[in-house]
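For reference, chains read A, B, C and D in written order, and residue numbers begin at 1 within each chain.
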């Protein structure tokens, strides 16, 4: 029982990441009608916001110690981050909290990246065939990736969570289990809550603001909204920016779980497309539901008891679900008719 | 005997009753017009004939064969062709190809792998397609891309695409909408020629000039039911019809 | 490099093909025409082919390998400070190239994909006239390229490849490996694990679900079970899983007190980071401290796991903090040129280039069979691993194996690992027949 | 007129194509691509893209799983070598059949959906094939290492005909002619020409016309009396057979079959090849395949040493500057060039490289574009 509970937690955690990435992707589908293969790259850029912030905070004051030398004969360098030199203990804390701090940086940066991307490239592809949208955004993804690689290298770069959240939380006791049976890393719980929070914020924004209403109307029928004299294009630019922010935040907060490297976006790209399609193209609720569903099912499929019966099931479960869902429900869990079918 | 027989057809969309117990008998070799105000259910009825919609109850038979439950291509292969309200053509292809495709569909059936012999640009199939384009007055544009045509030209192209199949029953959903008066007259002449070949035609039309030039019989549809069915002359004087058309301003 | 001459073998083959009608029976194989050997250097230079990953997950390792190769070529040609050539026990190389020819090189991208690696190696052989191919950062690629070199008729000096199969089941006469393998890792780690954790332990394996992972899991199981350890479970994880939480949580309450991560590269970084996050490093099970073991360490990759490697045991082929003369000379030479210490990948590829050049010099030829004979059974020292032998039966180097541990108080970002034990060669040696496979005859092209 | 005639224009195109392919080693030598392995890859991936184009270029169905058929073809061919004979003929026949059967199965299921849903279904099937081939199916595929030949393989047919390869690892040979180097290329080249010819026949046939109609307006085609799904399925199977053949030829010229061949990136590659060259055109996919393989093999091989030589005519300061800038785009940076190329092509030449060729030749001849020949693609009107 506790094993299953833990797997549910794992699934929700994973699902949170899937849902966040898929949410942005499906918003872009739904509003702009664009198949964005660069969405994984946005996730990766979010993660590298954290890397950059940590690197900037960690810019070190280098003093050379002539009494010691490296094995190759150069004088040994003694490094101390400037934030510590300047701010003392507060600087140390700031360094420790670099990941949460990065969020503040990631929001404006990702918004800017999203807007620049939409204005500079995506908007020219609204009316173009999906195949061309795929090619151009895939090309863009490669370019972004290579730029990141040439600056940060190919190896993963560790981003520890703040010390306070590095521990485990034992909440099994509260549910009637023995102590120590249901413990879960604090940061993962925070990630789950964070993803729920962001999802709620996006929904609230679309549900309760005028801006959101216009966007939702645009998703339903772009032509009509355009006829009403509303400048839908400008709003869609901002929508693209928001989608980029959501993907970016998913990446920033994920870094303590997955050390970021330049290639991580591609790994999530296929997966996020599967999530979006299983949820139903252009359906926000569908993307979220499918994200959590796939996360939880993937966790269950990885259990030894399941793998003993179906060897290798954890390798293909995501795709198997996609096939089954699409055959049973042609437009995914919550898809609308006629979206992206031609 | 009647070629197309519609019995007790009902169709609901949610709470809306689109077709309410429709009965129609259309005689072979005649031109039958269906008129009625907007939202009367005319296009819905036509969609039930070609397999685009499935009626909730009732039957649609063509020459004794039920059309219900048949796939769209099967209905077409049974001899039923249709011109759509918004022209449905192959926009990326040339006009001549647009006409040859239905021609091949009639010759080869619903599916045939005919992948080795090239499409000849001067064989009998091409000649037939060309003569159809001549009939609708588009021969000069045979090699142009269909998507670039004007709306009226697209409609005439679609007509050629249907005619090339030598249909037994031709369904026309507002065939002259968007056409200039001269074109409309040409189209009327063309349809008269077709009618003379013995093709059964069902025409939905708002343009009463077209209706009264062509139709031998008219059914009037209002709010999903047939309120009148008679010859053109009698329909003109029918008070029910005049009421349906808001005091008969159109007539 | 930029001359696009047709390779001699290619010419011979195509003329043979053109001259012989289809009807002619099978006696016309190119081999009967080959008088000399493939890509025999005729000019003043000899071309080496450096085939390393430049894109994909192992691009940084590939870049480090390439740095080491460049250094090796400099030293062979008599430039720079000579590096390990000064400490190398064989003094055949005089710093004037090999067999009187200056060494030049071509490079290619393996992408860590067998197909791309073979295509790249073929380009070097067919177009650039490379006499030897070396490099690589995974076993699948190494085995694929080794097979290709055997078919084509050039020598392959394997780079970073740790699977037993490279010099076991899939060994080839034209292929040679300096790096160690999973069998040696198991043999070397076991005594250290016994000293640190005792004999009453239960291990839980997480294993990358492909050939190398299975090979690693098998070796560790074999040697730890000999110690008396039990194996609770061995779970296969998909390559590139990213998030391993669903495989880690079952460990928590499994009763196991050791977690063995048979992962490499990014999988290792992620699974280790996450295992530590789940509190496994600080856990107490059965009254014992829970332990995590990463059988194959790579210092470059371990940097990606940050603090999480502290105190974690593993093995490695070489480490820059070693204090023998050879290692010191290499670190000095490499550090001077690039400003940071070399990785084990750089070390093994440097050694391979030097060993190949030395063998050619001693054999007086570049012909694969001649060079191979010079390498077989060759005993040497001074290349950073102590006394080493290229065993004739399987073309595998036998040398001491380093057992390392994540350093508790690193002094720099390169100072991640500390050497715990140098397991002597005698303890890790095994009979060549144990791993099966056939070398077959040399192919000279 | 004979029923089987082929237009003069097509005959000329075929003749030029044949000549260009056969003279490939000479034509491509000046740009450094005239060596057997790359020539073989050009021909093989040309076949793969030609086949993919029959599905995607004609019907508009965007499959993201065609690498699976390539992989299946390769595995089949290697197993044929191992079990039956080192002769390439049975290997490629069986590989083509295997590609066809596997694509029939996947196509039958996937074609129940259209648009992006179809794409994701094909992607899902291919990824499942890849993941299983890499791990659980290792007894059949030899997993990460890839399926290889061994000396002890049974090779029943070869044994029956008294063929003995001795103690060396055998290579595939066509009645004594080894399928490596230039003979290997010419074997693939002949296949490419045959495939191109078949492709051309399909393009010009009523069947090809129907496939174009599927892309243009599938709905209309249904109401025109055509059952569209079997047409799409046939196109899917034909392209699967092309992929199987290409996979078989990969194994013929280099008898090793690895699972990576089936990964989604490999499926994506053939999509890129086709669009880059010009989807829906006859020649485009072959050109696109050549361009991508050229980048992969030649651009990735440039290192600083070569760049220094190239820029050696510059003064030293400029030389170093030029090298450091250009090295971002070659060697380990070749992906960047590829990505930028995709963007530039799609933005400025939506019809792919073939559109560039057409535009150039129109500029040259100063006459209006010929819309119909070879099915020059138009950007589909958004509807």
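We adopt the following convention: a contact is a pair of C-beta atoms (placed from the backbone, for glycine too) under 8 Å apart; a residue touches a chain by one contact, two chains touch by 3 or more.
Note that this is a predicted model, so its numbers are computed, not measured.
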Best-connected chain pair, where connection means C-beta pairs in contact: C-D
Geometric centre: closest chain by C-alpha means: D
Centroid distance [mean C-alpha coordinates] between chain D and chain A, Å: 34
Centre-to-centre distance between chain C and chain B (centres being mean Cα positions), rounded to whole Å: 74
Centroid spacing, where centroids are CA-atom means, of chain B and chain D in whole angstrom: 45
Whole-Å separation of chain centres (CA-atom averages), chain A against chain B: 52
Per-residue overlap in chain D, given as positions that touch at least 2 other chains: 131, 134-136, 335, 380, 383
Sites on chain C at which at least two other chains make contact: 59, 63, 209, 236, 238
Residues of chain B touching at least two other chains: none
Full enumeration of touching chain pairs: A-C, A-D, B-D, C-D
Residues on chain A engaged by chain D in the complex (per definition of touch): 35, 121, 124, 127-132, 134-136, 138-143, 145-147, 150, 266, 270, 273-274, 277, 281, 311-312, 315-316, 319-320, 322-323, 326-327, 330-332, 340-342
Chain A residues within the chain C interface of the complex: 2-3, 6-7, 9-11, 13-14, 17, 70-74, 77, 149, 153-161, 166-168, 181, 183, 185, 187-188, 256-259, 261, 263-264, 267, 298-299, 302-304, 307, 312, 314-315
Contacting residues of chain B [partner chain D, same complex]: 50, 52, 71-73, 76-77, 81-82, 88-94, 97, 100-102, 104-106, 108-120, 122-123, 143-145, 147, 161, 165
Footprint of chain A on chain D - complex, ascending: 56, 62, 109, 112-117, 120-121, 123-125, 127-128, 131-132, 134-136, 264-265, 268, 271-272, 275-276, 279, 328, 333, 335-336, 338-343, 345-347, 350, 379-380, 382-383
Interfacial residue positions of chain D with respect to chain C in the complex: 29-30, 32, 34-38, 41, 131, 134-136, 138, 142-146, 148, 151, 163, 167-169, 171, 173-178, 180-183, 186, 250, 254, 256, 258, 260-261, 296-297, 300-301, 303, 305-306, 309, 331-332, 334-335
